[in-house]
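I'd like to ask some things about the structure below.
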Amino acid sequence: MRIGTLKLSYAADEALFDTKVQWICLALLGLSLILFPFVAGPYWIYMACLVAINVASATGLNILTGYTGLVSLGQAAFMGVGAYTVAVLETRVGTPFIINLLAAGGMTAAVGVVFGIPSLRVKGLYLAIATIAASMILHFVFSHWDLTGGTRGLSMPPASLFGLALDQPHKLYWLIIPVTALMVLGAANLFRTRIGRAFIAIRDRDISAEVLGIPLLQTKLTSFALSSFYAGVAGGMWAYFFRVVTPESFPLINSIFYLAAIIVGGMGTILGGILGATFMTLVPEVLKLVVGWLTPWVPDALSLLAPIRTIVFGALIVGFLIFEPQGLAEIWQRIRRFFHLWPFRT
Amino acid sequence: MDAEILLNINNVEVVYNRTIQVLRGLSLRVPKGEIVALLGSNGAGKSTTLKAVSNLLELEDGAVTAGQIEFDGTDLATLTPHGLVRRGLFHVMEGRRIFEDLTVEENLTAATFSLSGRGLPITPFDLVYSYFPRLYERRKGLAGYLSGGEQQMLAIGRALISKPKLILLDEPSLGLSPKLVEEIFTIIARINREQGVSMLLVEQNAAVAFSVASYGYIMEMGKVVIDGPVERLVKDQDVQEFYLGLGGGGAHKSYRDVKHYKRRKRWLS
Amino acid sequence: MSDGLKRSSRETASPILKVDALSLSFGGLRALSGVSFEVREGSITALIGPNGAGKTSMFNAISGFYRPNTGRIIFDGEDISRERPPSRAKRGLARTFQNIALFRGMTVLDNIKLGRHAHLKTNVLDALFYRGRAHREEMELRAEVEERIIDFLEIQHIRHASVGALPYGLQKRVELARALAMRPRILMLDEPVAGMNREETEDMARFILDVKEEWGITILMVEHDMGMVMDISDHVVVLNFGQVIAQGRPAEVQNDPAVISAYLGSGDLAERIRKTEAA
Amino acid sequence: MAGLALGAVEARAQAQDEIVLGGSIPLTGVFAFAGVGIHAGIQDYLKLVNDEGGIKGRKIRYVAEDTGYKVDASVAAFNKITSQNKVTLYYGDSTGFAKTINPELERKGTMIMAGASFASELNDPKKFPLQFLPGPDYTEMFGILMRYIAKEKPGASVAFVYSDTEFGRDPIAPSEKLATELGLKVAEKIVTPPGSVDVSTEVLKLRRARPDYTIFHGYVLAPIPEFIQQAKQMGMQSRFMGTFWSMDNSMVQQMGEAADGFMGVMPYRYYYDKEGTSPMLDKIRQMRPEYQSTAYMQGFLTAMLMTEAVKRTLDAGKELTGTNMKASLNTIKDFDTGGIVGVPVSIPGNSLPVGRIYRFDAKQKQMLPASDWIQLGK
Amino acid sequence: MDWLYIFEVSLAGLGAGALYALTGVAFVLIYKATRVVNLAIGEILMLGGYVFFGLVAGAGLSVWAAIPLTILAGAGLGAVVERALIRPMLGESPISVFMVTIGLGSILAGLVELGWGADPLRLPEFIPNTPIFLGEAYVAPKVAYGALVAALLIAGALAALRFSRGGVALRATARDQGAAYSMGIDVGRVFSLSWMAACATAAGAGVIVGAIGGISPTMGIFGLSVLVVVIVGGLDSVAGALVGGLLIGLVEALAGSFLGGEYKLLATFSLLILILMIRPYGIFGTHEIERL
């Protein structure tokens, strides 16, 4: 049964986390994120960082696709812009990583706006295809420009904080997790204000949005810029994490991955981006483990891994779209509702 | 209404999007060989009634939630939209809905699918052309380039192809000049008489509808409010008032006089 | 207020909206030809006519979706024919849609808040951090929406509900609420009571009257419910085949032969069909 | 979830004296054919070593991850494997990977690395102090081919056909220079996108250049056979040549008609090569009765050279650091590979500059030697 | 300027373009009837190549028996996909359906890799390989015969759409589903048949494409070029697919030979962006007016 839901001020009613229980959960989550690196093994810290980077990027794509309804298949390429920006700044200029990350976001936002311009003329599928074109063109630039190191790409030194090199996942963890948390919080805030509402309005019915005084192009480009900013920062973190940036690091399939992540997680909910990115990042790892267990019995089990991963990836997209179009976030809500009523109704 | 009943709509309710109720217990009948007019203001549910009959509601996220519709003795709920057409129930939809990028002839060809599975031969389109000679002249042209009146003719012509028992006609006069309306309704009457086809005619133009129909229903808010043979309806003074609200009379309560109620409540969820 | 008084005030008030010889066609099909009429400040003006007469096209032209081929739209003395919908909205032109254009993915509250979009100033950076201006603006907006609009339209109980799940009548009311949040000078209602039963229609009629009288907002509406139109409008414009065939006070329009024939069809025509038939 | 945690624990409970050979192996993707062979070769050699008690009693454990032949996946695998194991030896799968991981390798300083790449740039002990190539680099391969050409037909014109990848572009610039030195003419350079299917336009370009020899580089199989076939149909007389990765017997056989006369450079002996004594080849044939690819030989030899470096380091009583192992590796002189390479080998710098020209014989369906073993720099 | 060379390159480009066009027609067929943008078309084409390979190399059938079987298998796949994946998505947003096809593509690519491995394979030779010369210009025989077959099939598809009763049903359904139902057209069957026809065509195209360049699990990338083709031509226009296919083939060939192979994709996708900006609905596509 839900308790403590009576609210007496507008501020309380507009808060992101509005019940005591939610605050407790949030505190627990925060605490466990802080304690995590002290108890988990290196592999888990490694995975946590990877998940966080993907959460940041998926949240960005969710702003654009889930909330604004503009489908993009360019998120990975945009991450590439951010990663290269960080790599170039780190190797050639040597600016501190916070500046580099912000620059990565800014640069990517600018690129995103340029490739968002077709949204002036086209939407829906056509836009999705335009973003495919954008990622092809970006890939070409990455692999043929001297500044980006051509097909070889760039490798870069680790980020450093007060002279300490953040060269291991358990050190980078303290950079990646807070940045991602901030970004997710920012996205959640966004949808409490006019900007976020305008995005949703455009998604739901762009014509009536116009009647309400929402300029379509400007708002769509804002969404593109924001989403790309997120991709850029995520790409920057990616660069610090892998310290190698190559054109092949950001293929089209990764863009599909992020789109799949928000579909599986739940389009247009902040929680969806988090759950989806986490789930989709962990599934291949779980598969790897399963295949590892099979190795003694199935010859060449390892070589089956890639095709199985590809199949499962496709099947997850198809399965969620057909059977659970609202995604994991909806499943989560269902569980929550169940416990709100529990034990009075089961 | 002693003739054999071809279409029997019984207490039907229709809801769109699971929220908006449009039909609220509508009943009507179409006897064999006759034209029945269904009149009513906009939003009364006339088009919805026709779509419910031809099973096309689903395409617009609508559903029959109660009641029963029988055509020629069969419960319609068991039939697919195209299966229904192939049993001789043809719906000429509002706005004509011709295939604009097909030629006139191809539009008629499309309608021949209504003959599938009925053991009826696909005959040349002579019958259609005999009613609408203008279509013959333009048979090779794209239907999209036809004038509004010609498009309406084509829409009715497609119905003729299907050798129907019952045609549902949705606002054939819509957007047409009086002269064209006259022409088309004259032909509608001829088709009814010569081919023995029954028709359920939805119209806003009551006078024109009454000129060809034998029986009329007037609906408002999703149900029938008045019905009767046309001769009687025409003479009925209430008819105009009731469904157009023109010339307020009787115990009419003005909307201006509705009372205000105000409540105040301060908690937020 | 007596009838006489009201009439004189209506005639002295200046037109807030003027449609001047407007023509509009789509690929050769004429939707409007040379339509002119005026909406006086503080009035309720109704636009009526049979299906396909061009009423919704007229609305779309006024709100800026369609660009007229010829003619002008003058709002508050300025020609706005070339403006995009958002800038028209900023000037105080609000509208609702025939088939309800609410944002189904949002709550009632957020839908209403959207009405104020153009008047708020929060930028992206404020929004991400939700501090300072963003927070202040949101709280002020919330207070206004709650205390003026939600109370007025009596939709407190559904403020957190998702719009998609609401019954039709309430959705219509929420759409009205959203339009009011725009602080409009003129409110265009496209079939505000279509599909409503008598009771819901009564509620809506009262809201419309209150909006005019208490909020001082001019109203232009398209409506088919003649009962309501005739009861609450100050001025009625009748369209048929994209042309104005009559306009005036409800009582005048009601008895205009052209209007009766447009709605009922001409008796002559029916007569002729019958004759050909008999022959 | 419990299983996942178990995996992590397992990784930390690694035996202290074990030596770990990590690998970013392309078991899937466009390079899978090679990866599978390499994987088996490494495993087989380590099995031989471990069966004999390991190196000074220390077993060698092989930890590999599939990369799909993608640089970022290779890097991810590297990060993952090295963060969970104390890795001493590493096998990398591509030129891109070898180049990009180098700074990290130097920073760590705990391992030496070799791999599937024979990139020329890697053959520089100053820039890549902890890596080596278990064969000649690509430029050296081109060199061996062009020396052969210069001898057979002085002043001949040559065309380079290569893929638009790090792998493909690697030897082109230095080889152009070398061609001039050798008095050969580079008639045309054709870049194709990797994995391209329809090469009709490229063939037209090739025909216009009318080269006496065409060297393909940066491919595994496609689109070489299509190239050759169309070129032959057009009546071109060019001789077609390839570098290591397109020289495997089964690959060449797949070229069908186009295979006849296809030539290339190969640093190892083929599985079926019975010439002379070759104890290691015998062991391989014993373990695996069916044909093993040249990629297998590459993996096998890499593991052999790596363990040799470890052995020599331990023998010298030194710690297993990258620098120490690399120094031990460079002490390898006239080393007998048990017949994997036809002559005793030395690793003076980063590569093993030896190779031989083979030509495909359509009747025997085998690659047959067309030259003697050529040792560069000797 | 070497005109002969340009001519030869253009011919080669047009030959490749004919295959783009053929696959594009398959794409358009599905889009026209069901409004589904089928991004899995490249993978279906790939599967066609593999099925053919399996029948010939695996089951030992003769080439001429394998081709019709492959096409049949394509039709079967189309029927299954339509019924199992597309029908349940009726009424969902086009983007969701589009993503379903992406998922399908991934599944098919995985299955092929699982079955036949990741290595590229070569199809058995069955196209005559006597060189063809148009005047002095050489055309690769495989490309020439492939283009010829593609041309015949496209002509057949155009004729069927234009003149057959089924073609009328398909075009009617494409124009207005509701109205098609009211004509007695079994819209579900039209959907199903169009998927079958399209997948059969794609599978057939896969055999030709595979015969020219070999088959591999990454062959689905062909679908991306086809996507460009149909966007340029107009998603719902068969004629557009034809013109778009030839145009893209030509652009790729010219870009490839005068700029270098790495510029092929760049050229086509830049063209795509350009077309989207100036003619968003393609050269021949229908511009749909949005209703309020």
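Note that the chains are named A, B, C, D and E in the order they appear, and that numbering of residues resets to 1 at the start of each chain.
Here is the rule we use: contacts are C-beta pairs under 8 Å (C-beta built on N, C-alpha and C of every residue); 3 or more make two chains touch, one makes a residue touch a chain.
Given the structure is predicted, the values throughout are model-derived calculations rather than measurements.
J.: Counting one step per pair of touching chains, how far is chain C from chain A at the shortest?
T.: When the steps are counted carefully, the minimum from chain A to chain C is 1.
J.: Tell me, please, which chain's centre (mean of its C-alpha atoms) is farthest from the centre of chain A?
T.: B
J.: Using mean Cα positions as chain centres, tell me which chain lies farthest from chain E.
T.: Centre of mass proxy via C-alpha means gives C as farthest from chain E.
J.: When the C-alpha atoms of chain A and chain E are each averaged to a single point, how far apart are the two points in Å?
T.: Each chain's C-alpha centroid was found; their separation is 33 Å.
J.: Can you give the whole-Å distance between the Cα centres of chain B and chain E?
T.: Here the centre of chain E sits 43 Å away from the centre of chain B.
J.: Taking the mean of the CA coordinates per chain, how far is chain C from chain E in Å?
T.: 49
J.: Calculate how many whole Å lie between the centre of chain A and the centre of chain D, each centre taken as the average of the chain's C-alpha atoms.
T.: The computed centroid separation for chain A versus chain D comes out at 38 Å.
J.: Which residues does chain B have that touch at least 2 chains other than itself?
T.: Correct list: 268-269.
J.: Among the residues of chain A, pick out those that touch two or more other chains and give their numbers.
T.: In chain A, 10, 13, 143, 207, 303, 306-307 touch at least two other chains.
J.: Can you list the residues of chain E that touch 2 or more other chains?
T.: If we look for residues of chain E contacting two or more partner chains, we find 113, 117-118, 262, 265, 292.
J.: Enumerate the contact residues on chain D facing chain A in the complex.
T.: 3-5, 7-9, 11-12, 27-29, 32, 36, 39, 64, 66, 68, 70-72, 75-76, 79-80, 83-84, 95-96, 99-104, 107, 164-166, 169
J.: Which part of chain E faces chain D closely enough to touch in the complex?
T.: 2, 5, 8-9, 12-13, 15-16, 113, 117-122, 125, 129-131, 138, 140-141, 143, 209, 212-214, 216, 218-219, 221-222, 253, 256-257, 260-262, 264-265
J.: Given the complex with chain A, which residues does chain C contribute to the contact?
T.: For chain C paired with chain A, touching residues are 63-65, 84-87, 89-90, 94-95, 97, 101-106, 110, 113-118, 120, 122-124, 126-130, 134-135, 137-139, 142-143, 146, 178, 182.
J.: Quick check on the complex: what are the chain A residues that touch chain D?
T.: 40-44, 46, 143, 150-153, 155-157, 167-169, 242-244, 246, 248-249, 251, 285-286, 289, 292-293, 300, 302-303, 305-307
J.: Can you list the residues on chain A that touch chain C in the complex?
T.: Touching chain C: residues 10-11, 13-14, 186-187, 189-190, 192-198, 200-201, 203-205, 207-216, 222, 225-226, 268 of chain A.
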